[in-house]
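Each in structure tokens, the structures are laid out below.
The following pair of complexes shares a single chain, chain A, combined with chain B in the former and chain C in the latter.
Take a look at the complex of A and B:
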């Protein structure tokens, strides 16, 4: 089986894993179960591509918020971020390298408003 | 006649002598005088020719000497001109070489100066960047230690608000 066919299969499986624009955990589970029972040619490559597509999608479903300490986000900020990014959840992570400020990662996008990034901008300017 | 007798002159002998003389004169004229005169004439001509040749030679010699002197003088003049030209050329070459070497030196000096300036500028930039990095690290350390937890919370909330406004 060539690479193009493998990609097409992975994309089809990925599309079938989505419900209302979000990754459906149950569908993913069923697909994986059936896939491993059939064991088609190029299973490993199909699974790798499928995983990559799912991770990409999940990364856009989630916003990672990095701060110095765990904080309680104001509701209006949470709603606004979810609305603007289209994400379904916000994952608050602590990062001891940050003195103060916050860094938001959404898929490929990074919004950095930490002290470090501001100082770095001044140094590079 | 008496006088002739007194002097012992005998007319017969005189006549005979005259005849002898005439015969001898005739013979000489007939056989020798022409050749002798011819020889004398030839010799005279040769002498004249020799004299003329000598004059001609002397004249030509003088002309040759004059020409030689003229040629020598011209050669000296030419040599002097060539010498002067060579001196002038040598002077020009030396001047040009001096000018070229001075220009090359000035260019090298300028290049070195500009290189030094560029290096200086580069060093200044590097020092500035290093200083800024150092300041940045110090600011982070100082603020990390001096800011209270509540102040950090406030600043972080402000940053989240700022990011929320920026997110598109």
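Take a look at the complex of A and C:
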């Protein structure tokens, strides 16, 4: 099976894993079970591509908020972020490398408001 | 102290520090200078993508779940899984006067060990060509210094004239002659070497340096050893540099040597990017690749600076096949073509221009009156010679008129021959062509034509009054005709130079009536 067909299979499986615009965990489980039982040619490649597509989709369903210390966001801020990004979850993470400020990751976008970023901008300016 | 703090605060304010937004991606596949990247959902077409190790790429394919990026520079330093990010910029190249005399790569980096190129401006490599409102029709000639071209296939400033022919027929030589001939004429020349052998590029640079032509020339190099990406962008870089000078109201000339190799590089990139291939495996947008490049050559209206950008693209044909995909495309885009023929080259006609199928669609409007006066007769005489020569092969019994036309044609062919790297000024070209079309060479044996031409040129050099008259008036009027007749028949009338020319042996011999040589036939 050529690469194009493998990609097409992975994309079809990915599309079938979505319910209401979100990744459906139950559907993914069923697809995975069936796929491993059939064991088509190029299974590993199909799985790799399928995994990548799922991770990309999941990264857009979640907003990662990195700060130096754990913070609790007010509800109106949470709602605002969810509304603006279309994400369903906000994941608070601590990052000791951040001295001050915050870094928000949503899908392939990174919004950086840390001190490091600001210093970097001053140096470049 | 307070002042210093205030100053720092001002600087911070100036820097406009805020939240940065980065759009990142991950390399999925990498090979042959092309990367497939996941992420980069915010990338726009032709946007510059920054990789690690200060390597940049150009987003060419925007697909559903990935982006196809062609990489500038050493792609072997990258690996799968490496991160990259969008820059929000399109591909730009440094432009400016500082580039004159320099040899740069397709990104504008110096290659000549003369230090950094300190330009103040950058121009986008890809730019929409000026519209009709900004343009003006071609009206100023761009002299190549070659008799065969300036007389029969004239090129105007702002024109796009294709030079087409097989390998080794002198396509590059014509462009080098043209560049050398622009010395002191205020035309900035940009020579773009695409996919050429490095040894050939070195030879070109050395030739231009030897003839002091680097003083008004910029060389953009994307040699055969450079990546297909660099070869693909190099003509756009050269064009952007030329556009800068055009925008300054200056005249610029850009030579693309050659667009066949450019098409090959683009085909390579397109196949690696998995774009659907068409005729001869070229992608479907091959025509647009060249049309958007050559359309940028323009003669601007005075209201918009009045500058010009002339383009001389070169196409290398295979076994004289002008009906191949790339040649037909470029022929249809340009304002004419100079066709070089192997048979002519091998028979000693150099430049091996075939005037029968070479054409300049707009250059005639830019030709000077005196050149038009001689070129009209020249073209007619030459075409009559070509048609008669074909018939004359079958029989020897020719009437006197036919024989005379054949003899005239042979002499025209001889006169149109010109050594390489010896461009001539317009006045000299006109005088020589006037002499041959007026029958002053009819009695000269073919092997003496070159010698006779040299003698006429030396006479013209001595007769400054006539040369200046022709250069200023740009017309062969009754006075000029009389002077030319006098000069060629040996009666030099220039007061200041008469005594000098008498002392010169060449001038003395020129006084001998030419008709006497007829008996040698």
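Quick note on the criterion: the second predicted complex is superposed on the first by the 125 of 125 C-alpha atoms of A that agree within 3 Å, B and C clash if a C-alpha of one lies under 4 Å from a C-alpha of the other, contacts with A are read in each partner's own complex, and residues count from 1 in each chain.
As a working rule, a contact is a pair of C-beta atoms (placed from the backbone, for glycine too) under 8 Å apart; a residue touches a chain by one contact, two chains touch by 3 or more.
Worth saying up front: this structure is predicted, and the values here are computed from it rather than measured.
When both complexes are overlaid on chain A, the residue A:85 reaches chain B alone and has no touch with chain C.
Contact with both chain B and chain C is seen for A:122 once the two complexes are overlaid on the shared chain. After overlaying the two complexes on the shared chain, residue contacts for A:52 are found with chain C alone; chain B is out of touch.
In the superposed model, A:111 makes contact with both chain B and chain C. Taking chain B and chain C in turn and counting the residues of chain A each one touches, the greater count comes from B.
Chain A residues in contact with chain B (one complex) as well as with chain C (other complex) are 111, 113, 122.
Residue ranges of chain A in contact with chain C, taken from their complex: 11, 52-53, 56, 107-113, 117-118, 121-122, 125. Contact residues on chain B toward chain A in their complex (touch as defined above): 129, 132-133, 136, 139-140, 143-144, 147, 149, 151-153, 155-157, 159-164, 166-168. The touching residues of chain C, when paired with chain A in their complex, are 11-12, 14-25, 28, 38-42, 64-65.
Against chain B, the residues of chain A that register as touching in their complex are 65, 67-69, 71, 73-74, 77, 80-81, 84-85, 99-102, 104, 106, 111, 113-116, 119-120, 122-123.
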